Structure formats: structure tokens, C-alpha cells
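This is the structure, below, for whatever I ask next.
Note that the chains take the letters A, B, C and D in the order they are written out, and that residue 1 is the start of every chain.
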């Protein structure tokens, strides 16, 4: 069987290991990134690097994209790209964006006979590297079926949320909310413990060994204990963006979410205090500040 | 070796299986409960039933108590009980109460040479029955050491929070907050999902299999999915009590906890709507109400 | 002196009485409204009615606009309008919109030598009719000076917020927040009173005669007492829009506003419950719902 | 007519000018204060000073008390005092306390045939001095009638909230909430203004001249502008106490009050930052801190 070529757009902290995994799984790659030097390693392993996002596409082929935000996605998922994909083409959009952005772009692709499929992922760069991402997908059944081999190369499991074009995006936003809420919970509880003389490593240490012995609490619990916001997995500035996308989706779909509002407020305050580039878990520092604690 | 006798006060949903486990572990029991008929089964297995809480104690012996709230604890942990325990006596207080209540009662016991040790537990009645409780303890080292064989008969692990008399109570309140916050998070995220056409069983189903595959999220996630608040493990009215104890402790120790405030508000609203005796997870219904969803 | 002609766009509940006041003050009007029949009365008193917003403008002249939202404003404040105004032309923008929208439109006008001046107003339609509006303005000094005679015909006072193009818009959003927060305060306090057996008309009755004897509390206090949300001054749906503009501005300028977040949540819930077209004061019903009160 | 004697307990910032006004109105006074030297001036004008609160009472007479909190009130409103008042005696309780405290003390007084009437007041010390207090009262009609001449000497108006013994206390707590919420509103709106380059004196300056031209907004608006928390009218520590009384009453009467919860959180944070003795308006500093503003 001739090797299948996939177009790949976006070589950030997530995109790079994902592209490498596709390559390792036997796909040929045509890649685009705004700053070309991030493509060096892939190129050495045989990828073709192009200078314009539309050039990653071939008629009837598959394109995978994972970029920073809605604006970046709209900038690459142009009429030109859709046209280059053409009838039978498939765009797997793995960025964290608004469901309404997916709806708009799905329409744009449909104009040229191509399919735009929302397939955002859960997992940090380490998980991307280890093929341990969780993939959420929604959209036309045949497109989801065709994407399977790509998903297999990227993650440890796929969850299908039906045929609503933006449904998978909502799940991604709701999931990000849930994990950020867990950090806030740990931060408040830790502040309570410390104001009563109990070190947070003892309190959280117990919690993440017992009732909350799952990845999110363990990973973020350790970060809250260390209070080392300088080791950045995902910057606070982008976490604010994600929380605001969730807030916008909540308002538009008429779902009041008071804890989400609080999380947005925490990030707005973090940025007001100059913590834009700290790790997203710096959220926890807000509870400490309010309690007069130095973490 | 002659069989050791333990005084046991409080045969509620938690106390009954705990007392039975002590009996099964070879301890003789002298038990007290406000309504005597709950002691029947223990009595048939050899326990002595008494009519006054102070009569469970013997000089220099051990008493275990687990009752509904601070008021109930103060009502049984009287001067008479402390006097009956006397020098070398040990009271293991396993109720969820204020740290300040423990401090006050520790002083009361000390007047008569006895020790009051806070040792609250995490776990629902099923966990109590299965000896799967997690026990938090704080106080004098020798008392904690002496309590070990009792704890062994009741739980799967003990966490020591130092010698502060109320520290273990703070941990229990902070932990209860953390798990209630998890329910609120799941409720808000589920409301967002459903307002966007995604059934909450699909959304939460993914979450509790992946990022949140730990007991709290799985148990409560299933309850939120079922929305069956009539199957009561722990009533909303007592959950409000616990959250208010946490809120009071937070205010007095100067730790602002906005998510906790929200949880108290949710329970106050639940009771305003007549849900006093629903399961504590009815909290989740508040987010659904606000979003105009029928769960 | 020859009569000055003013272009006027937007004949909604606010725009109609404002246009009439300009006419009464001796200005000739050239008016545009999406639905032409709202211009009938003005036409009978001598106004010229045009079919395209750009046709209200004359080279170097003045245009006043007051429309529903940012999108409507962007739709009328086109390149064509700016070009028709041309060098020396002045657009007085009295709508409640984002400061960033004003900045964008100011730039658009500047391209053609015209000036765009943000001049949003406080006051309900009755105040507009009675020339009792309060006008906030910011922008170039000479434009503000030139606008004086127009403002005189419309309001009882002008407040100048300097030369920042969107500053007046921020003041309008902040002011709307402040008055909506006052309604929420009255609602919560009234719920507390009623749950303790004190009718809200007695509680609020005292407050608005004493500590809070000012228009906002008196007007909205009476509405909260009457709980007559069907008599609509300003619909909840537009109030949500205003609060979300404030929320967006707050997030972008890094100002956490927890009470504002709560107000947005109240309106989102009101709309989730089908109260889109109720009066904006229906916000208060949320506090009653949560407390299990029927208002 | 012989001069009527009134017992007076509590010569704090409020009590001193109130007692002086009673004296000026022709009442003879028998006064008690924990620190006797605060009674000096009243003594010079003819008051009798006693060393025990119960000694201010005479059989069938009137006692007025205004003390710092529930505990202080319970400490003076003893069985001994009630007995000294005896049948026909009347205790006018003007402190800010829980309605349940009033209920308990009313019962205590009734045991001895005396009446305990809740009559808390709105107004700062300057208002007390100027006889400009607003008085809330609830309880038995004959007692309220008998109190009229006393109220006349102290305030500018009396509002009657029926015969519920604690109703007036609820009104006082709800009113304090309402004015504190107004400060928070001004603080958040000011932070928004300043983060957008508009000085808060310009923004609030407009608001308190126009829509919010009432005493609360004007007085506290000026304080927020000055950000001079060191000029203390009422310390933050006592404001927290008041807000917590309101919060407790809200929880017990099943009225969720999210803005109130936020205010409690603001004061808890203020105290965590060492602002216990700052003026209550220091609440506003919390919004500034969160926004990274130096006020």
C-alpha cells in the first residue's frame, strides 16, 4: 500500500510531538508552521515543509491542524485551504476553539465539498509525546471513521459526541473548566489548611493518595504544593483564553456557571498582577494572596 | 490476653458498621445510642448496652464516639464522661465537628486527666462496613499510638496531622469541601454540555473514565447522571451543616473561600426549595435549575 | 442664522424622543431608521426621511446615532457614512457599545477626515423625552465643543472624560453595572427580609426614603416591590448584552469584577427560564427563585 | 411633671452622643459602661454612673442599651437586669445583633414581666450626635408606644416592622448589607474605570451627582475616592461581624445571598492582610488589589 500523506498545520508544544507520532506511524507529512524552524526535525525525518498553510492540502486528502486559538484557526482554515482539500477532503481540527468557530468553518469547507471535523484533545505535551491523548470528536459518521487511523497514531482513546459539528469543542471547554475548577478547589482547601497550621503538602498529600487519586488531582496537586509557577506547561494567558471561550459558550447557550466565572476572575487577576506567562496552575496563587499567604 | 473493652457512642449510619467492625476485631463493647433499638444487633453479639453516655466509659479506658454534629458531641462529651474516663482515659472523637469544639472538649477532658483525640473519617457507610475508611488524626503522640489497634479495625489508613488538637477536624472539613466542590464542578459542566445538546452521561462518562478516574468523581458522577436524589446516603441538611462548619472555620482563620461560599448558597437554596432530606448530591440540581434544565 | 441640519440614525425608544427634542430645539433633521414608519411623526414636523444611513450625512455636517448594539452601530457607521461626512464632519455616537468598537470606528472616520465622538447617555425613555439625560463624552476637545448645542437639546448635563476615544463608553458600561448591582442588592436584601416575615415593601420602603433616597433605588426599588416584570422599560435580553460588554471590557482591561459576573449569571439564568423580554429588573426574580419565594 | 429617669448601657462611639441627646431632651440618666471614664462628661451634666449594668434599671423603668455585639449584649442583658426592670419594665435594645439573640433575650425579660424591644439604628456617630438616626423597631405595640419619647430624642424617624421580636434586627442586618454592597459596587466599577484610564474621582464624581445622589453613595463614594482607610468611622473587624450575622441569618432562614457571601469574603481577606482596624470602607481595596491597582 502506498504511504498516505497528511497535511499538518501547527507545530507548537502539542503539534510537534503529534506530528512526530504520525510520522512514526508511517504517514508522510506535509507541514506548515508560522515559524519554519520548528519543522526542522520533522523535515530531517522526511516531512515536506511548505510556506503557506493551504499548500499542506491535497485534493481529497487529510489535513490535521492544532493552533493556539480561534483567530489562528480562522487564519489557516481559509477558503484556499478548503478549496485545496476539495471534494472528499477532510480537515481534522484539534485546537481548543469555540463550537461556533467550528460551525462557521465547517460551512466554509462544505462550500468546496470538504469536511471539517472538530477533534480537540485532552493531555499535556508529555501525553502527546506518549500517544496518551484523549480525543473528543463530533461530526459526520463517515468522516469520523476515516479519521480513525490518524487518531490511533495520536491518542489512547477516542470519545464520540455525535454528529453536532461543535459538540466536541463544547466537551473540550467543559473538561478544561472541570480541571481548572479542581485546581481552585485544591487551592482554597489548602489555604484553609495552612491558615490552621497544616502544611498543604500534608493535606493535599493525603487527598491525592485517597479520594482524589486520579491524574488531574495528582499532577496539579503536586504543582500547588510546589507553587512553582515558573515551570510552564501551559501559560496563564492561554488558560484565561480557554476559560473565556467556555464563559462565552455558557452565556450563549444559557447555562449559568458561577465557578467558571470565578475561574475567569482568578485569571484576570493573575494577569493584572503580571502573571501572564506563569503556568496555568498559578490560579492557585490567587487563593493564597486573598488569605495573606506567601506560597 | 484478656479482651479489651471499648466504649462506643453513636449508632448512626456510620457508627453501626464501625462498632460491628470493632466487635469483629475482638474488642468487647459497651455501647450507647440515643435510640436504644439501634443497638440490638450489637447486643446480640455480646455488647453491653447502657442508658447514659457516661456509662460507656471505664477508668483509664477508651471511648469512641461518632455523632451527628457539634451539639450532639457536646451533649455526650460531658464532664461526667471525662470524669468516668479519668486519668489515662482516651476519647477518640470521630465526628465531623469544628476544630474549636475539639479544643474545648480536649480541655474539658484534660481537667480529669483524660485525653480527647480528634479522629474524623472519610468514607460513606459502605466504606465503614468494608473497613475502608480513611482516618485523619491529630493530637498527642502517645494517644495516637494507643489508638492504633482501634483505627486498624476501622479503616484502611491513618493520616497524622501533627499535635494540634483540632487539625484533623480542619482536614476533614477541607476534604468535605473538596469533594462537594467536585460535585458542583460536574454539575456546571454537565449543564453546559446539555444546553449544547450533549447528554451529561456522555460527557461525564468520558471524564470519569479518563482524567477523573477516582472514587469521588466516579461515585458522585454517577449520581449526577442518575439525578436520583431520593436514594439518600447523606442528607442535604447535614451537608449544609458541614459546609457551614467549614465556612465558619474559614472566616475565623481568615481564609476567603469563594467556591465554598457558593456551595453553602447551593445548599441553602436546596433547603429553601424543600430538599432537606434529599441526598447531598442534590447540590447538582441547583445548576440545572439555573439553566432551566429538568434533571 | 440659517437653520442647522443634523443627520439622525436610530428611532428606537430612546432615539425617537431625542430626535424630537433636537427638532424642538430648532435643528432640521435628516433621519434614518431601519423601519421607516417610526419616522412618521418627525417627518410630519418637517424632517427628511432617507432610505440609507449614509444619506443622513452632509459634507462637514453632524450626525447623531443611537442604535441597539455594536453590530448595529458597525452596520451604519460605514466607510460610506464616514466619507459622506468627510473633512470636518462629526459623528456623535450615543449608543451603549464597547470602547474598542468606538476606537475602531474613530479610525474609520478619521480615514475620511471626519471625527467620531463617543457620547453615550444615562436615562430611560422618559428622561430622554424630558431632556433629562446625562451625557458622557470623551474625545477631541474641539469636537466636544462643537457638540455642545446638540447636547444642550438632549440632556440636563454633560460629563467630560478626557480625550480617550472609548473612555465615555467605559463610563457608561461601569454606570450600567452600578445600577444593576443596586437591583441585585435590593433583591437579596428583600429575600432575606421576606424569609424572616418582613414584606419587602416595608423593608425597601424604609430604605428608599432614608439611606437610599436617590432615583436609581427609588425607581428600581418600586419595580422590585411590584415584581411587575411585564411592564418593560428595557428588556432583560439587552441588559444581558450590556453586562456582557462590561464583562468583556473588564476581562480585557484586567479588572476582576465578581459582582458583575454574578449579574451576568443572573441574566443568563433569566433567559434560560424564558424571561428574555421581561423588564431588566427581572434580575431580582433570581434571588427570589433561589430562596423559594414567589414574587 | 417629675423628670423621667432612663438607664443607659454602652458609651461607645454611638452610645455617647445618644446618651447626651437623651440628657439634652430632659431625661435623667443612670449610666453604665465597661470603662467608666467614658461616662465623665455625662456625669458632669448630672448623670448617675453605676458599676454594674443591672444597677441602671429601676422597677418598671426604661433601659436603653447599645453595645458592640451579641456577646456583649448577652453579658449585660442578664437575669439580674431583667429582674431589676421587673413587671412593666422596658429594655430598648439598639445594638446590631442577631434576631435570634433578641428572641432569646425577650424570653429572658418576659420571665420577670419585663419587655425587651429590638430597636437598632442606622447612622454613623455624626448622625447620632445630630439626632439624625433612623430607628427600626419591632415588637409589642404598647412597648413601641411607650418608647416614642425616647426615640424622638435620638433620631429623625422611626420605622415599625410589626410585632416580630427580631424583625427590626433583620432589617438592620439587611440594610447594612445593602450599604456594604453599594461600596463593593463602587469599588468594582472604579477599578474598571481606572484600568481604562479614567480616574475614579471623575467616574464616581459623576455617579454621586446624578443617578446615585443619596447619602450612602456620596459618603462612601468620597471615601473610595480618597482611599483613606485610616480615618476610621467603623472598623473592618466589626463590619465583618455584621456581615457574618447577616450571613448566618440568611443561612438559617434559607435565603441565598451571593453578594453578601462576596462581602464576607472581602472582609475576611482584608483581615488576612492585616486591615482589621481600617475603616469598613477598606472593603473597596480588595477590588483594587485584585486588579493590581495601588489605591
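FYI, a residue touches a chain if its C-beta (ideal position, glycine included) is under 8 Å from a C-beta of that chain, and two chains touch if they have at least 3 such contacts.
From a predicted model like this one, the values you see are computed outputs, not experimental measurements.
Novice: Tell me which has more C-beta contacts between its two chains, B-C or B-D.
Specialist: Between B-D and B-C, contacts are more numerous in B-D.
Novice: Where the centre means the average of the CA atoms, what chain is farthest from chain A?
Specialist: D
Novice: So, what's the distance in Å between the C-alpha centres of chain C and chain B?
Specialist: Centre separation, chain B to chain C: 53 Å.
Novice: Averaging only over C-alpha atoms, locate the centres of chain B and chain D and give their separation in whole Å.
Specialist: Using C-alpha averages as centres, the distance is 39 Å.
Novice: At least two partner chains per residue is the criterion; list those residues in chain C.
Specialist: Residues 195, 250, 254-258, 262, 265, 269, 272, 290-292 of chain C touch two or more partner chains.
Novice: So in the complex, which bits of chain C are touching chain D?
Specialist: Its residues touching chain D are 99, 122, 134, 136, 157, 159, 161-162, 164, 166-167, 170-171, 173-175, 177-179, 181-182, 184-186, 188-198, 202-203, 206-207, 210-217, 246, 249-250, 253-260, 262, 287, 290-292.
Novice: Please name which positions on chain C make contact with chain B in the complex.
Specialist: The contact residues of chain C facing chain B are 195, 258, 265, 269, 272-274, 289-292.
Novice: What does chain C use to touch chain A in their complex?
Specialist: Of all residues in chain C, those touching chain A are 240, 244, 250-251, 254-258, 261-262, 264-266, 268-269, 271-272.
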